[in-house]
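What follows is a group of structures, each given as structure tokens.
You will see two complexes here that share chain A, one where it goes with chain B and one where it goes with chain C.
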Partner chain A sequence: MAQPRVTIVGAGPAGTRAAELLVAAGLHPLLVDEAADNGGQIYRRQPAGFRRPPAALYGTEAGRATALHASFDALRGRIEHWPESLAWNLRDGVLHVLRGERSHALPFDALILATGATDRLIPLPGWTLPGVFTLGGAQIALKAQACAIGRRVAFLGSGPLLYLVAAQYAKAGAEVAAVLDTAPAGARWRALPLMAARPALLAKGAALLARLRRAGVPVHRGVTPLRLCPDASGARLGGIAFRQADGREAVLDCDASGLGWHLRAETQLAGLAGCGFDFDRASRQWLPRIDADGRSEVPGLYMAGDGVRLLGADGAEIAGRLAALAVLRDLGFAPPAGADPAALRRRRQAMDRFRRGLAIAFPWPAQLVAGLPDETLVCRCEAITAGELRRSAGALDAPEVNRAKAFSRVGMGRCQGRMCGLAGAEILAAARGVPVEEVGRLRGQAPVKPLPVAALREEEA
Partner chain B sequence: MNPAPPPLLRRLGEAHRRPVAFTLDGQPATALEGDTLLTAILTNASALRLSEFGDGPRAGFCLMGACQDCWVWTEAGTRLRACGTPVTAGLRIMTKEAPWPSLG
Partner chain C sequence: MSDNRADVLVLGGGLMGAATAFFLRRRGLSVILLERGLVGQQASGVNFGNVRRQGRFPPQLPLANRSRALWGQLPELLGEDIEFLPSGHLRVAYTDEAAGMMEAYREAARPYGLKLEVLSGNAVRARFPWLSAEVRAGSWSAEDGHANPRLAAPAFARAARRAGARIEENTEVLAIEREAAGWRLDAADGRAFRAPVLQVSAGAWGGRLAAQLGEPVPIVVRGPQMGVTEPVPYALTPVLGVTATVVGEVIYLRQVTRGNIVFGGVGHGPADLDTCRARVEPAITLRQFIQLRRMVPALGALRIIRTWSGIEGYMHDEIPVMGPSARWPDLFYAFGFCGAGFQLGPGVGDVMAELIAAGRSTTPIEPFHIARFAAKAA
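Our next item is the complex of A and B:
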């Protein structure tokens, strides 16, 4: 039998585990990834020449990170690895990949999308000021570059990453001004029955809080952020104005801030391929429709990891294995010895309970987003305000996000709505007086990220 | 003339790496081997670029190649995404104004 062409997009936990299993079954997959080295975002490797040990970089997850990196290193030479390569389009069974200065059109027999996630964001007034970064960005600065995003750093948002990054900064010797969590203090207790599905993770969360307390970092729960304020120069962050849970307003002095409310699945390639999507109530976003093993409705297309279900890194490792087993079964290959998809699916079920618990413990403050002032810049790419978006909902009568995009250009800039899309949908829905799922899903366009026109002149197979 | 504002990023270690000399808005600047262009610039300055839409300076945002808010230009008119581009010796970067891009 000829070797089937199996391609994976993304070299994080899901992509790595998928590649490993395909190789064990005798295949030679192509692994395409935008980064210079494997690991994805969560297990991103520091550049050559950096000396910090894994425990300093990954904390409690150091064991998992080094195991994943070792697995990947063992795959070198047994897979075709294209680092620094951008998968920018997917249609009619062909993946288009920019590698170096050239784009390649790659047909496939099976394709696994393991595209990961980015921070889910709220476009607060002042969020474009220098010094304001995403939580993930703040973590990358520390992990991959040994830098703090500022001298006095505040973390604002909600979700486990908020506390993790704050604790990592404190441990690395940065001054952490405060953690500002929009989740009300009591929400965690309501989530306990679901979060009890993963007691070890609950314990890790408690340990993070204890570390922040020991470091003397103030933690404010139930806050309402009002704006990110410029400093005296007007050209960078100087503080965060917020309302405390007791209703009093305060300004936290800081020169940098990491923002994030959980994650947003990176689904643009799935959308371009024509996958069906369903609205996920827990994460209030549209996710590609897949079966229990990661098969999409498009023949030959599979998905795994945070790009399709937001279960975190260990959930992604399981999903990558399940998707690879599905590929092997569908292509008529025997699974490698010891593969146990039923056990993998069971483990993932517990993770899904925990995920639903997290969404209750650290809720997305939809009301806050819906009520952002008209002058707030929603679209960072093209400086378009909430007021302009509301005008497309009202005077121009756009019933859903794609029409509103055509009218207002929110979601049409070069990030294609990665930063503003979910918040934009909340603003539009509130302006229309309908539930957010009724304003639909923002469709992406190829190329999913900007690329030089010259790259398209002679596309190579 | 106002003193230059302090740089945005603060190094917390890994200072043993070899220095890399580059040029920032016509002035000599130093980074470290293994720095991204974003790190190289923001450990010397407080912004990467000006918004094309007139709403002020920007200094990147996501650091993972998703937001496209860290574009910088070389003096020769090449556009680089600062968060994913390693700094190299002799790079000549402009943050104050964008040169016309080369169309060749």
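Our next item is the complex of A and C:
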């Protein structure tokens, strides 16, 4: 058959491995990515002219990062790479991509979405103070710019990234005020049977903790964050007020903090394409419905990586390969020599066990979110408080998130709920007295991210 | 009321149905409103939010005037703010031909009491300096404005409920039956609702119901193509529109006081009555950008953050169906408002309640009678 049009969105681990496999099978895919170069968020490359060695940038992940970058460099010229390009809409078998000032309508025979994830956040009182970052943001400052987010940095949240970023900061020479983990100390032991599926990762986690201990970083488990406090000027972060596991309240002095509770999948393109979604209990979020290889219910649409199943970078590499093999099979192409989808699926299964273990070891504190004080700013784009959201649930009788959005504007702003949506759903569900899955999924609208009014149609001069 | 009987059943909980229920209660009639989903979820909730009279088919102006008077009283009537802002409404023309159409419309509207000021390009730019050099003329309607469509119909329904109406959401009606004592509506959940009088105010779905009741009408469904920019300082005070001979040049926009600029126009997208979904055509969004920049060049520096659509019913003659049935004395219609019903909503509710309760309307609505289609078919 003629060369099919295969497009990949996202040049992280999943997108890169998918492209590599498609090229090995003789195809010439188009790879669209928002970043200036490949690597995704996890293996983000430093800007041209920056010369920090990989070990300094990626720490324990340096080997994987350099391997992925080398694979990508080998693909240059054999794929069409559109960096700094925004896939802003997807419908009826056409992907709409803003590249420079021009929007391109790109029909495809197969499309692999490898859109990754962002930090899952809790809109704590004071979270909009300057100095408050996400964990991912704090890590990117380090990886992309070799900068720390502050002089004395605290990390608050739960999940492996919390410890990884804290250890990376400590290694880079930043003062780490403390790690505040909302997970109770005992939770990790309950998760051990599932997490034993990936012993190497367990060992890596233990090594991170040891490094933090050697660096003298206090680690508090089972904390309840109360608020992010301003400094004396009132203009930026000065500390974090929290309740310790033993019930005592304390304020940790810091001038910057990184926040995050695992990740949330970037699913807007899947939603715009009309994919079905299921509520995933482990991650307490709605994820696109796919088969074992990443096929969605929409013909020609495939998904891989953290944008569809939150398995981390290694899992994303496997998922990217599986999705590419599914594309080849569905388009009638022979897989490249040595491809073994059954083995890939088995490895991913172990990762999925580990993922479920992580959700037990580092649980999302739904009760904390549901109980945020009324005056807390939930939606920072539209400046809407938890109290206003509760009013839409109560007096205005909104039974689900899209109705609450229509009334309260939570999720209606620039980020369309990417930052506040999951927390907003917990608040709404608690106010309605129903499980969070019953208040539904926030429907995204195009554009996936803000689109300039100056954008031109491709045929315009 | 527990026996699911009332004086009036209202089928369809958009703005028209919710407003009718509210005004029926003010006239002392008992009413049950049946809505398949949630009140104001379809066209009533997703439209542009124009409270505009200028540009309407002139015989519709008495109804629009009555509605405009009600808009000014809504905060008191409903006990809620639905963000009505009588900011003024400006239409611009890019050609002398379009400027001539404006002057002709100003004369046609005058007998109905709508005062319009047609200004030259320079005069309109002196007032609104952000308009582009391409604007040749402007037509200014001082008392028109805009409001928040997401809030309007639900606010009417809540006020109606507080006044004693029954608002039954998530109640899909499967069958309309004629009984000796009036009408019976059978809901999907097994309940039957009865009343001597029925109003069909089911928006884009009104055509199917009218056909079922023996009065087919020519209606098509389309989706408005809406978008909104990021918030910027409040500067574009009037609602803006275009008078043109080509629909592709017609953009409309308004800035809300919190800063976002809502826009629509240039074309329509497809809409589906069965899936209840309508989507924005990406190509139309990009064509809207051209017209936004053409009218207010500074908009080229902004970004849009969201687009949306909905399901609207358009009659072939661009005139709504409103008034009594031609077949049944106890059946009334208010649907098919052709993408221009939002401003009319309060007036339609008031007039329909008057028509049902008093047997006549003090505002002329003959041009909207459903019989006009039967006459053409015959």
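We adopt the following convention: the second predicted complex is superposed on the first by the 455 of 461 C-alpha atoms of A that agree within 3 Å, B and C clash if a C-alpha of one lies under 4 Å from a C-alpha of the other, contacts with A are read in each partner's own complex, and residues count from 1 in each chain.
Throughout what follows, a contact is a pair of C-beta atoms (placed from the backbone, for glycine too) under 8 Å apart; a residue touches a chain by one contact, two chains touch by 3 or more.
This one's a predicted model, so the numbers in the text were calculated from it and none came from an experiment.
Chemist: A:403 contacts which: chain B (first), chain C (second), both, neither?
Modeler: second
Chemist: Quick check for you: in the superposed arrangement, does A:119 touch first (chain B), second (chain C), both or neither?
Modeler: first
Chemist: Please work out whether A:282 is in contact with chain B alone, chain C alone, both, or neither, and reply first, second, both or neither.
Modeler: Touch status of A:282: no partner.
Chemist: Mind telling me which of the two, chain B or chain C, contacts the most residues of chain A?
Modeler: B
Chemist: Who does A:434 touch here: chain B (first), chain C (second), both, or neither?
Modeler: neither
Chemist: Which holds for A:241: it touches chain B only (first), chain C only (second), both, or neither?
Modeler: Neither partner.
Chemist: Once the shared chain is lined up, is A:450 touching chain B (first), chain C (second), both, or neither of them?
Modeler: Touch partners of A:450: chain B and chain C.
Chemist: State whether A:96 touches chain B only (first), chain C only (second), both chains, or neither.
Modeler: A:96: touches chain C, not chain B.
Chemist: Does chain B (first) or chain C (second) touch A:414, or do both, or does neither?
Modeler: In the superposition, A:414 touches chain B and chain C alike.
Chemist: Mind working out whether A:105 is in touch with chain B, chain C, both or neither, as first, second, both or neither?
Modeler: second
Chemist: For chain A, what residues appear in both contact lists, the one with chain B and the one with chain C?
Modeler: 382, 413-414, 450
Chemist: State the interface residues of chain B toward chain A in the complex, per the touch definition above.
Modeler: 5, 8-14, 16-18, 33-36, 39, 43, 46-47, 51, 53-69, 84, 86
Chemist: Where on chain A is chain B touching in the complex?
Modeler: 34-36, 41, 46-52, 84, 118-119, 128-134, 136-137, 140-142, 144-151, 172-174, 233-236, 256, 266, 377, 380-383, 413-415, 418-419, 449-450
Chemist: For chain A, which residues are in contact with chain C within the complex?
Modeler: 89, 91, 94, 96, 103, 105, 382, 396, 399, 403, 406-407, 412-414, 416, 445-447, 450-457, 460
Chemist: In the complex of these two chains, what residues of chain C are touching chain A?
Modeler: For this pair, the touching residues of chain C are 38, 41, 45, 150-151, 154, 158, 229-230, 258, 279-280, 282-283, 285-287, 289-290, 292-293, 299-308.
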